[in-house]
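Shared between the two complexes below is chain A, which pairs with chain B and chain C, respectively.
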Partner chain A sequence: MSATGLEVGTQAVADRPKRRRFGLREWSIVAIGAIAVISVLRLVTGADDIASSGALAAAIGLAVPIGLAGLGGLWSERAGVVNIGLEGMMILGTWGAGFFGYHMGPWAGALGAIVMGMLGGLIHAVATVSFGVDHIVSGVAINIIGLGVAKYLAARFFNGLPGGGPTQSPPIDSLPDFTIPGVSDGLGTIEKKDWFFVSDVAAVLRALCTDVSILTIIAVLLFVATWWVLWRSAFGLRLRSVGESPVAAESLGVNVLRYKFLAVVVSGGLAGLGGGFLALVAANIYRDGQTGGRGYIGLAAMIFGNWRPGGLLTGAALFGYTDAVQLRGGATVHAFLLLFAVLLVAIGVWQIVRNQRVVQGGLAIVVGVLVGWWYFAVDAVPAELTGTTPYVTTLLVLAFASQRLRMPAADGQIYRKGEGH
Partner chain B sequence: MKSLNVRRILMSLAAPVLALVVAFIVTSLVLVAVGDPVGDVWKTILAVPKPRQTVNIINAASVFYLSAIAVAVGFRMNLFNIGVDGQYRVAAFAAAIFAGQAWLPGWLNILVAILVAMVAGGLWASIAAYLKVKRGVSEVISTIMLNAIATGVVSWLLLKVSSRGEGSNSIETKTIPESSQLEGFKLIPGATNRVYTLLILAVLVGFLYWFVLSKTRFGFDLRATGRSESAAVASGVNVPRMVMTAMIASGALAGLVGMPLLFGQDHNYGTTFQSGLGFAGIAIALLGRNNAVGIGFAALLWAFLDVQSNALQIQADVAQELVNIIQGVILFAVVIAYELIRRADKRIEQTRVARELAAQRQAAPATEGAPA
Partner chain C sequence: MKVAAVMSVAALTLAACGDSGNGSGSSSSSSSTTKKSDVKVGMAYDVGGRGDQSFNDSAAAGLDKAKSELGVDTKEAAAVNGENEAAREERLQQLIDAGYTHVVAVGFAYAKSVGKAAKDNPEVHFAIVDDASDDSKGANVDQITFAENEGSFLVGAAAALKSKTGHIGFVGGVNVPLIKKFEAGYIAGAKAVNPAIKIDSQYLTQPPDFSGFGDPAKGKTAADGMYQKGADVVYHAAGGSGGGVFTAAKAAGKLAIGVDSDQALTAPEAVRSVIMTSMIKKVDVAVYDFIKSASEGKELTGNNIYDLKAGGVDYSTTGGQIDDIKSKLDDYKAKIVSGEIKVPVTP
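After this line comes the complex of A and B, so read on.
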């Protein structure tokens, strides 16, 4: 057994011609295009909530923990250690935030979440890096232990406190949040006007400058910092080299095990902070089962983002948005069925006309028509199904773009010191 | 040769024993650090189980065993089927619906429902297998995603077909007819509850697992692929087909996991149907080293801890989730111990071979050049 698994089906295809790098301009075009599509959809379906600042603010709140968990995954996997223990580390983080947050204030709560997550990371690091245990096995064990530790400690320490119980902590004080005065209200006025596109842009901007938690800002800074550290510093180059080719890295004098160890511990801290966000900002309370599989969604977002911070951010935003839209009722998700239907038919036509792939194109058109029929046949999509959106999206991305995704070359491989000599 | 075998046996026993000792120490340390009564906790967990609890342990172990075997089939060929958790729920749901319709009488209904479960589990697993073989998607990721999707799809379908029982809040499928409910065996004297009839299924599956993997060509190919994919390809194994077969077999076996519960206890599939069995199966398969007998012991140990910890809250005022810590530590300790022992074993083997070679070389000059 090894996390690298069998090689069947993963053989690389011949190099594609190098595509243009995605720069700031391309990202802006994508963002503006997305807003334009959403505003058309809002006009056509009349589902106003898909672009309201309320839904978008909720989306930001839901995207942050996913993003932080994914960022944790990014650090660890860039150093070549697969981390499916993110969920367990997040759970530890929620407890840390609840315990330290209640006793010593919300800032200590954030710190406690990071420390508890790092403890989880430390166990993963000792097992995988020092002892060479299979990464998946260790991750599964971390998830078992994390859940047990949080529930056990919660019952031990929160029971009997005012407002607390065996499964939840007493309320924690809030962290400060920011609103840009004036701008927020002004944008709110524009949003209410219901102008095509302009109101939607206003809603996005309003969500970005109203009641933004300080932890959200810190999370964004952590994204920037991660990008800079991993892709622009010598330290990051070494860390990534450890994930790509540990033998080569070691021959150049990099202490492979130390880098891996550090990366996994940082990974745990980030995942823990993601859990802390859930307890401190999203709920103001620790609750059993609070993470609800967000560690796995974070992992999915990282894979969706092709092991890069920008892509990861897109994935986290997308999954956070679907989550927020789903929480605001089936009618909102319903509107997206129309979008999917149109997209699928368009893809189908494209495949047939441009690529001469009749079977694939035909299949896409058929599915698209079915989704369109679904849109007109029902009034709402059941919440149970919309909850699976992130997972289905990830599976589809993996199925259709797996040849374009490239994970670190030595990801999941167990390395022993001096192996290459 | 004989002494080597004794050493092997000792070494393979050393790891689990060491793991239990480590788990005992670590858990005690946690309890002391937190300020919980260490003595009371161990007295509760290590108490001799009463007849009623013995039955519960056997029942829980039979379910764990099926789950672990399903995982182990994948493990033996280097496939990580994290998806047993989703597969068994999809399968149990499908079987519950089929059996609830009561189209067939008595035993026939049970047998066909079990087949339905295997097909449903196999089909759900085949998605991951297809993605692995045709699109190169790691089965670890795809099965994690499929677990979550299974949760959503099953709870949606459950709402569609459910009949809400009178005065109860639980949502469940139609109860299977009484003629298809299994009463169980009175195996333990003095116990009022019974051992699942489908314990037989677990024993049968265990035997088949051993037989197919150790005694058939298919089993050999499967293990060879797990050990060295390139060697297997060279010896003519069609690896993509093996991946498909092993993954679907694993899913079909996962389909059996819910059967003892369905026919012996719940008699329908509802929101209260036991969850998380798939992840326990992963841990138990690792603990039992993917060996049919080893997994049996591991399942019993896991079930013992689970059942015994139920009384923790009452007897020692400690949350029963403590058992997850114990189980997690055992799992960590055992995989680390196996790794350390593997390294030690390799080192001993290397020095032995080196010594023998050196001895040969010393004896060699006399016969050098002479035909052997």
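After this line comes the complex of A and C, so read on.
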């Protein structure tokens, strides 16, 4: 042992350089800053829908399935298994929600979605953990199997039911949703006043307390629970150690394969519930192809969030929000051009002044000026491009936040029992 | 108990499936004894197939009518989501190899494969629904298209007549020329009634991403936005995503317009009350025409346009919500039929 770091054998492992911890205070500063920026943008461009409670409520609805899929990915990858099969597990979940939801009520639908997703997770676990199949190969297979199985089951079980057919289930009863009566209306009044910042905060709060589905609340609780289990419990420490260094974990007596297996099955259940949300809350119906690639986006949101629940939540929210405003149409996407332009120029200046990266900085400024020119030159963004808003935004934020991502050290590696001996 | 209930329901469903299978088998054999026709019709559905409560079901209705009235032999096959060109060619070729003399391909996705199959098999007759491009052109091809813009004009006029806020919306599934035709007619119809009307248009996805035809969550988000901004009638041409539009209308207490079939009859019961009318596209009529004239020895070829005049498109009156404006709509209908009003095909 030395004063500066831990010595393993002859190699000195230096302490990590001290970094600011991103705690509750930093998060609230980011949140308030984001609302302020949006508020300014709303006043400057006159795009009212940019911070309306309707847009934010839609954003929550679109973010939950992405977030749940990402949460599934988080469990699996923290245990060292890459799960690109989230999409397939979500599809199984949509069918489970449709079938059990129709026959036994929406709560059974939610459970059915979890169980169907877990089945998908089970296949992935058996393939990757027990048989050591490459994680990507198995994941892609799950996506194809999930699609095929759901189609087959839908044709088999929904055909001939009232309102059902080979591509859709009969309608499912709704799950309860909550509105805080007086508060929602009061905030609505403040929102309509169009005050700088105050109205936008009111809109955010109103979206959070109007017609919130019980499944949304459960999803938020699952995020908190995941954070607590994985980062605050001994079980979670072992699970993460399996993803970081399975050899070390096994030498300390952790049953590596069991933890990996469990994590992948839980992962499937969460992705399945994400699919269940689509069928039960977003649509009240199982519909062929309704996941629309959200499993992949969930995976991207998880990577965006640096394999952490908080970051993942931010990524899912960003995706949900940008997708909601582009789907709701109007001038919002056009207003975003101005925001992009300002952000890009700011990044450019920052890169040149602080990091002396003249080429990158110059490039960012040039692109920023071009985007700004685009904003002033046209009245609306062509429809062909508005659909890309979520992706462009994510790329920009990633560039702005500078890449500091670190995935679990043994993520994606195949581990066989007793490998380290 | 509940598990037992589900099991019994599942068993019933299985039994029902078995029954329908037997039924179709026996009916085709009985038809051969009663009325035999030389025409054998193979039908290749678009994604969704029979039972999609929309487009494919409409084509299936035409086929069923031909089967019971003309006694033709039939065989059906359906496409799967995201399949490639080769899979569609293969499907058509299989029908031809099985001895089917007339092949109906449902949906513009088949354009290229029909063109190819028609060249390779000059003795077989083809019909393709929703395509009139050069890809599927041939001496033995009946290109069936509809004047969706004319039908959409009528529901656009209905929307404008029913709107109290002077603000209506349109939700398109995927931004393709076919759906733009719906939008163009809708806008023209609404503007004919009220030139100052405000119309929000939104497409859910851009090609080649066709998920916009099957994603109710997106349909709901788009329609929610329109209703919250003041629109009180929204027309959808978004296939399966339209269910989300109806849900949004129900939640907002406003109105919606259905598409392709009379959706006030086919949509889930809970949302039927918000569907004031639907733009009906009579694929069944066109399919039946093709088979009927074939059985009479007269093959249809070239581009046959089913417009308002030919009764290929129309609006529905189920629910009685537009009874008060029916005379005005029928005036517009007469003007379109007589050619006094020309409805544009692009917005």
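We adopt the following convention: the second predicted complex is superposed on the first by the 383 of 421 C-alpha atoms of A that agree within 3 Å, B and C clash if a C-alpha of one lies under 4 Å from a C-alpha of the other, contacts with A are read in each partner's own complex, and residues count from 1 in each chain.
Operating definition for what follows: contacts are C-beta pairs under 8 Å (C-beta built on N, C-alpha and C of every residue); 3 or more make two chains touch, one makes a residue touch a chain.
This one's a predicted model, so the numbers in the text were calculated from it and none came from an experiment.
Asker: In the superposed arrangement, does A:V133 touch chain B (first), chain C (second), both or neither?
Answerer: first
Asker: After the superposition on A, what does A:G310 contact: first (chain B), second (chain C), both or neither?
Answerer: Neither partner.
Asker: Just chain B (first), just chain C (second), both, or neither: which does A:P166 touch?
Answerer: A:P166 sits against chain B and chain C alike.
Asker: With the two structures laid over each other on chain A, which partner does A:L398 touch: chain B (first), chain C (second), both, or neither?
Answerer: After superposition on chain A, A:L398 lies in contact with chain B alone.
Asker: Let me test your reading of the model: by the given contact rule, A:R156 touches which partner, first (chain B), second (chain C), both or neither?
Answerer: both
Asker: Now for A:G33: first (chain B), second (chain C), both, or neither, which partner does it touch?
Answerer: Neither partner.
Asker: Is A:G362 contacted by the first partner chain B, the second partner chain C, both or neither?
Answerer: neither
Asker: Mind working out whether A:A58 is in touch with chain B, chain C, both or neither, as first, second, both or neither?
Answerer: In the superposition, A:A58 contacts chain C only.
Asker: Residue overlap on chain A between the chain B contact set and the chain C contact set?
Answerer: Shared contact residues on chain A (touching chain B in one complex, chain C in the other): 147, 151, 155-156, 166, 293, 384, 387.
Asker: Chain B touches which residues of chain A in the complex?
Answerer: On the chain A side, the touching residues are 1-3, 5-11, 82, 84, 123, 127, 131-134, 136-138, 140-145, 147-149, 151-156, 166, 293, 296, 299-300, 303, 382, 384-385, 387-388, 390-392, 394-395, 398-400, 402-403.
Asker: Which residues, counting only chain C, touch chain A once they are in their complex?
Answerer: Listed in rising order, the residues are 2, 5-6, 9-10, 13-14, 16-17, 20, 47-53, 57, 78, 80-81, 175, 200-206, 209, 211, 214-218, 220-222, 224-226, 228-229, 240, 243-244, 247, 266-270.
Asker: How about chain A: which of its residues touch chain C in the complex?
Answerer: Chain A reaches chain C through residues 49, 52, 54-55, 58, 61-62, 65, 100, 103-104, 108, 147, 151, 155-157, 159-161, 163-168, 170-171, 278, 282-285, 287-290, 292-293, 323-324, 327-330, 383-384, 387.
Asker: State the interface residues of chain B toward chain A in the complex, per the touch definition above.
Answerer: Result: residues 34, 36, 75, 77-80, 82, 131-142, 144-146, 148-149, 151-153, 155-156, 159, 225-226, 229, 239-240, 243, 279, 282-283, 286, 318-319, 321-325, 327-329, 331-332, 335-336, 339-340 of chain B touch chain A.
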